[in-house]
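Given below, in the form of C-alpha cells, are the structures.
Okay, so subunit A shows up in both of these, paired with subunit B first and subunit C after.
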Partner chain A sequence: MNWTWFHQLGSPKSFYALTSQWLPWLVTVMVISMTAALVWALLYIPPDYQQGYTTRILVIHVAVAGTSLAFFPLMAVAGTITLVWRIKLADMVARNAATLGAWFSFVTLATGSLWGSVMWGTWWEWTDARLVSMLFQFFLLLAVIALRSAMDDNDKAAKACALLSIVGCINVVIIKYSVEWWNVLHQPNSPVGMSNSGANGPEFWLPTLLMVVAVYLFLTVSLILSTRNEILHRERKAQWVRELLAAS
Partner chain B sequence: MKPHRQKRLGIILFITAGLAIAAGLTLFALRQNINMFFTPTQVVRGEVTSGVNFRIGGMVKEGSLMQAGDSLQVQFVTTDFVNEVPVSYTGILPDLFREGQGIVAEGQIDISGIFQASRVLAKHDENYMSPEVKAALDAAGASSENYSMALESES
Partner chain C sequence: MLAEIQFTSLAEFLAMGGYGFNVWSVYVIFAVFVIVNLLAPLHRRKQIVREFKRRESRQSQNVTDFDNLESGNRQEDLQGQLNESRDKAANLPGDRK
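Our next item is the complex of A and B:
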C-alpha cells in the first residue's frame, strides 16, 4: 500500500495550505447552520407536554453532550498516529482537542445542571452514573492538559498524552451506556427520529440534528484554527513560515 | 506498514484491550453499587436492610396521591407495576412531580413499611411531545408507552 498521501497530509505545510482553502467554506456553512439552529431552538421549538419550554435547553444540551463524546476517540486516533507514525501534526491536533473537549464537557455539565434543577429538582446527584461519568470525562481532559504542561520534553509529553487519550475512550463507552446499564435519574437516550408512539417527532429532532451539525462544524473550525496557530508557532523558523509572514 | 510500526500498533491494541476488559469486569462487579436506586420489587423482596438510608425509584401510582390540607405532607404509592411501596414526604415537590410520572425518593423504610422520604426527585422519560401531538394521540386513543403503562396499572 502506498502511504505517501498519508505523510503528505501530515506535513504541517501542506495541512496549512489545504485548510486555507477549506476554511472560508467551513466557516460560512458553520455560521449559517449555527444561526439557523439557534433561532429555531430558541424561538420556534414547541414546548413538551410535560416539561414545557425546557426543550430549548434540550437542543443545546444534546448537541453539545453528543459532540463532547467525540473528543476522546478523536484524540485516541491522533494519539495512535503519534505513537505509531510519529507525525507531529497529529499531536498538535490532539493537544488543541483536549482544551476544546474540556470546554464542551463543561458546557454539557452546566446546561444539564440547569435543566436538572428545573425538572428533577436537583442540580447535581453524585449517585447518577451518567452525571458522574461525564464529570469524570471533564476531569480526564483536564488531566491530559495538565500532563502535557507538566512535562518539558515535547515528544515524551505527546506519547504520555496519547496513551491517556486512548484509555479515556473506555469512559466514553461508559457515558454512552450508563443510562442503560444502571438505574439512574437521567433519562435514557432518546431515539433518533420519531418513535412508533408518536413521540420525538421532527419538530424536536430536526432542530436538534441541525444543532449537532452546527456544533460539529464549530468543533472542526476551532480545531483547524488553533492547529494552524500552533503550526505557525512550532515552525516559526521554517522557510515557508517566514515567507508567509513576510508576505502578510 | 513497516515492522517497527506494526509492533507499536500491536502494543497499543494490547494495552487498550486489556484495560477495557479490566474496566468491564470492575463495573460488572460493582453494578449494584452503581445503581442509583432500588425498585419497589427489590424493596418488597427485602434486598434492602431496614434502618438504612437508601433511594427508591418507580412510578407514582395513578390515583394514589394524597395531600394534607394544612401542611406540605404528602403520601403516594410508588410502583414498578409489579410491586408497590407507599411513600410519605413533607416538603416541596419538584414541578414535574405528578401521578404516572417517574420519581426517585431518598429516605428510610419505617416499621409500618412506609418509606419516609427526606427528598423526592422527579424523573422524566426520553419521549418528547408537543401538547398538540399529545392531545391528538389521547383523542385517537393511541398513546405513549409510559401512558399506557400507567393505564394498565390502574385497571
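Our next item is the complex of A and C:
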C-alpha cells in the first residue's frame, strides 16, 4: 500500500491547503443543518406526554453529549500518531481537541442539569454512574490541558497526554455503558423507530439526528480553525507561512 | 411525522409550557458555546497576522535606520535601538514556551 498520502496529510502545509478547500463547504453545511435543526426543535417538536416541552433540551443535550465521547478516541489516535510517526500535526490536533472537548463535556453537564432539575427534581446525583463518569471526563480533559501548559518539553508533554488519552478512552466506554451496567437515574438510550411516539418518535429523534450532524460539523470546523492557527504560529518562520501572512 | 408549529403566540413560545427558564437557558448556553468556539479561533488568527506584520515592519524599520546612519539621522537610529532592546525584553518570558 502506498502511504505517501498519509505523510502528505501530516505535513502542515498540505493540511493547510486542503482545509482551505474544505472549509467553505463544511461551514455552509454546518450553518444550514444547525439552523434547520434549531428551528425544527424549537418550533415543531410536539410536547411529550410526560416531559412536556423539555424534550427540546434533550435535542441539544443528546447531540452534545454523544459528540463529546469522540474526543478521547480522537486524542488517543492523534497521540499514537505523534509518538509512532512523529507527525507534528497530530500533536497540534490533540492539543486543540482537549480544550474543545472540555467545552463539550461542560455543556453536556450543564444542559443535563437543567433538564434533570425539572424532570428528576435534582440538579445532580452523585450515585449516578453516567453523571459521575461524564464529570470525570471533564476533569480528565482539564488535566490534559494543565499538563500541556505545565510541561516545557513538548515531546514529554505529548507522551504524557497520549497516555492520559488512553485512560480517557476507558472512561468513554464506562460512560457509554454506565446506563446498562448499573441501575441509575439516567435513562438508557431511547429505542428509536418510525412508529413510536412522544420522546421516542421520529418527531423527536429526526431533529436530534440533524442536530448530531450539525454538532459534529461544528466540532470539525472549530478544530480545523484552531489547528490552522497553531500551524501559523508554530511554523511562523517557514517561507510559505510568511508569504501567507504577508498577503492576509 | 413533521408536526405543525406548536405555538400560536410569542408568549406561548417563550413560556415553553412552563419550562421556559430551563429550555431557554439550554439554548443560550448552546449558542454561547458554538459562537465562542468559532469566533475565538478567528480572533486568534487576526492576532497572529497582527503580530507578524508588527514584527515585519519593525525589522524593515531597523534596516532603514541602519541605512540612515550615514546621513547622520541619529535620532531615528537611537529610536530603532530602543525598539530592538524593548523587543528583546518583551520576548524573554515568551522564549521559555
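Operating definition for what follows: the second predicted complex is superposed on the first by the 240 of 248 C-alpha atoms of A that agree within 3 Å, B and C clash if a C-alpha of one lies under 4 Å from a C-alpha of the other, contacts with A are read in each partner's own complex, and residues count from 1 in each chain.
Operating definition for what follows: a residue touches a chain if its C-beta (ideal position, glycine included) is under 8 Å from a C-beta of that chain, and two chains touch if they have at least 3 such contacts.
As the structure is a prediction and not an experimental result, all values here were calculated from the model.
Superposition of the two structures on subunit A shows subunit C fitting alongside subunit B with no clash.
Contacts of A:Pro188 after superposition on the shared chain: subunit B is touched, whereas subunit C is not. Once the two complexes are overlaid on the shared chain, A:Val221 sits against subunit C while remaining clear of subunit B. When the two complexes are overlaid on their common chain A, residue A:Leu140 makes contact with neither subunit B nor subunit C.
Look at A:Asn200: by the touch rule set out above, it reaches subunit B but stays clear of subunit C.
With both structures placed on the common chain, the touch criterion links A:Val118 to subunit B and to subunit C. By the touch criterion stated above, A:Leu42 is placed in contact with subunit C alone, subunit B being left untouched. Once chain A of one complex is fitted onto chain A of the other, the partner contacts of A:Ile170 are limited to subunit B, with no touch recorded for subunit C. In the superposition on chain A, contact is made by A:Ser248 with subunit C only, not with subunit B. Taking every C-alpha atom of subunit B against every C-alpha atom of subunit C, the smallest gap after superposition is 10 Å. The contact surfaces that subunit B and subunit C form on subunit A in the two complexes overlap at residues 46-47, 118, 203. By the touch rule above, subunit A contacts subunit B in their complex via residues 1, 3, 46-51, 55, 58, 80, 83-85, 118-122, 125, 127-129, 163, 166-167, 169-170, 174, 181-185, 187-191, 195, 197-201, 203-204.
Here subunit B touches subunit A in the complex through residues 1, 5, 8-9, 12, 15-16, 19-20, 23, 27, 31, 34-37, 39, 55, 57, 93-97, 101, 104, 119-134, 137, 142-145, going by the rule given at the top.
Those residues of subunit C whose C-beta lies close enough to touch subunit A in the complex are 1-7, 13, 16-19, 22-23, 25-27, 29-30, 33-34, 36-38, 40-42, 44-45, 48-49, 52-53, 56, 96-97. Subunit A makes touch with subunit C in their complex at residues 34, 38, 42-47, 52-54, 56-57, 60-61, 64, 100, 103, 107, 110-111, 114-115, 117-118, 152, 194, 202-203, 206, 218, 221-222, 225-226, 228-229, 232-233, 236, 242, 245-246, 248.
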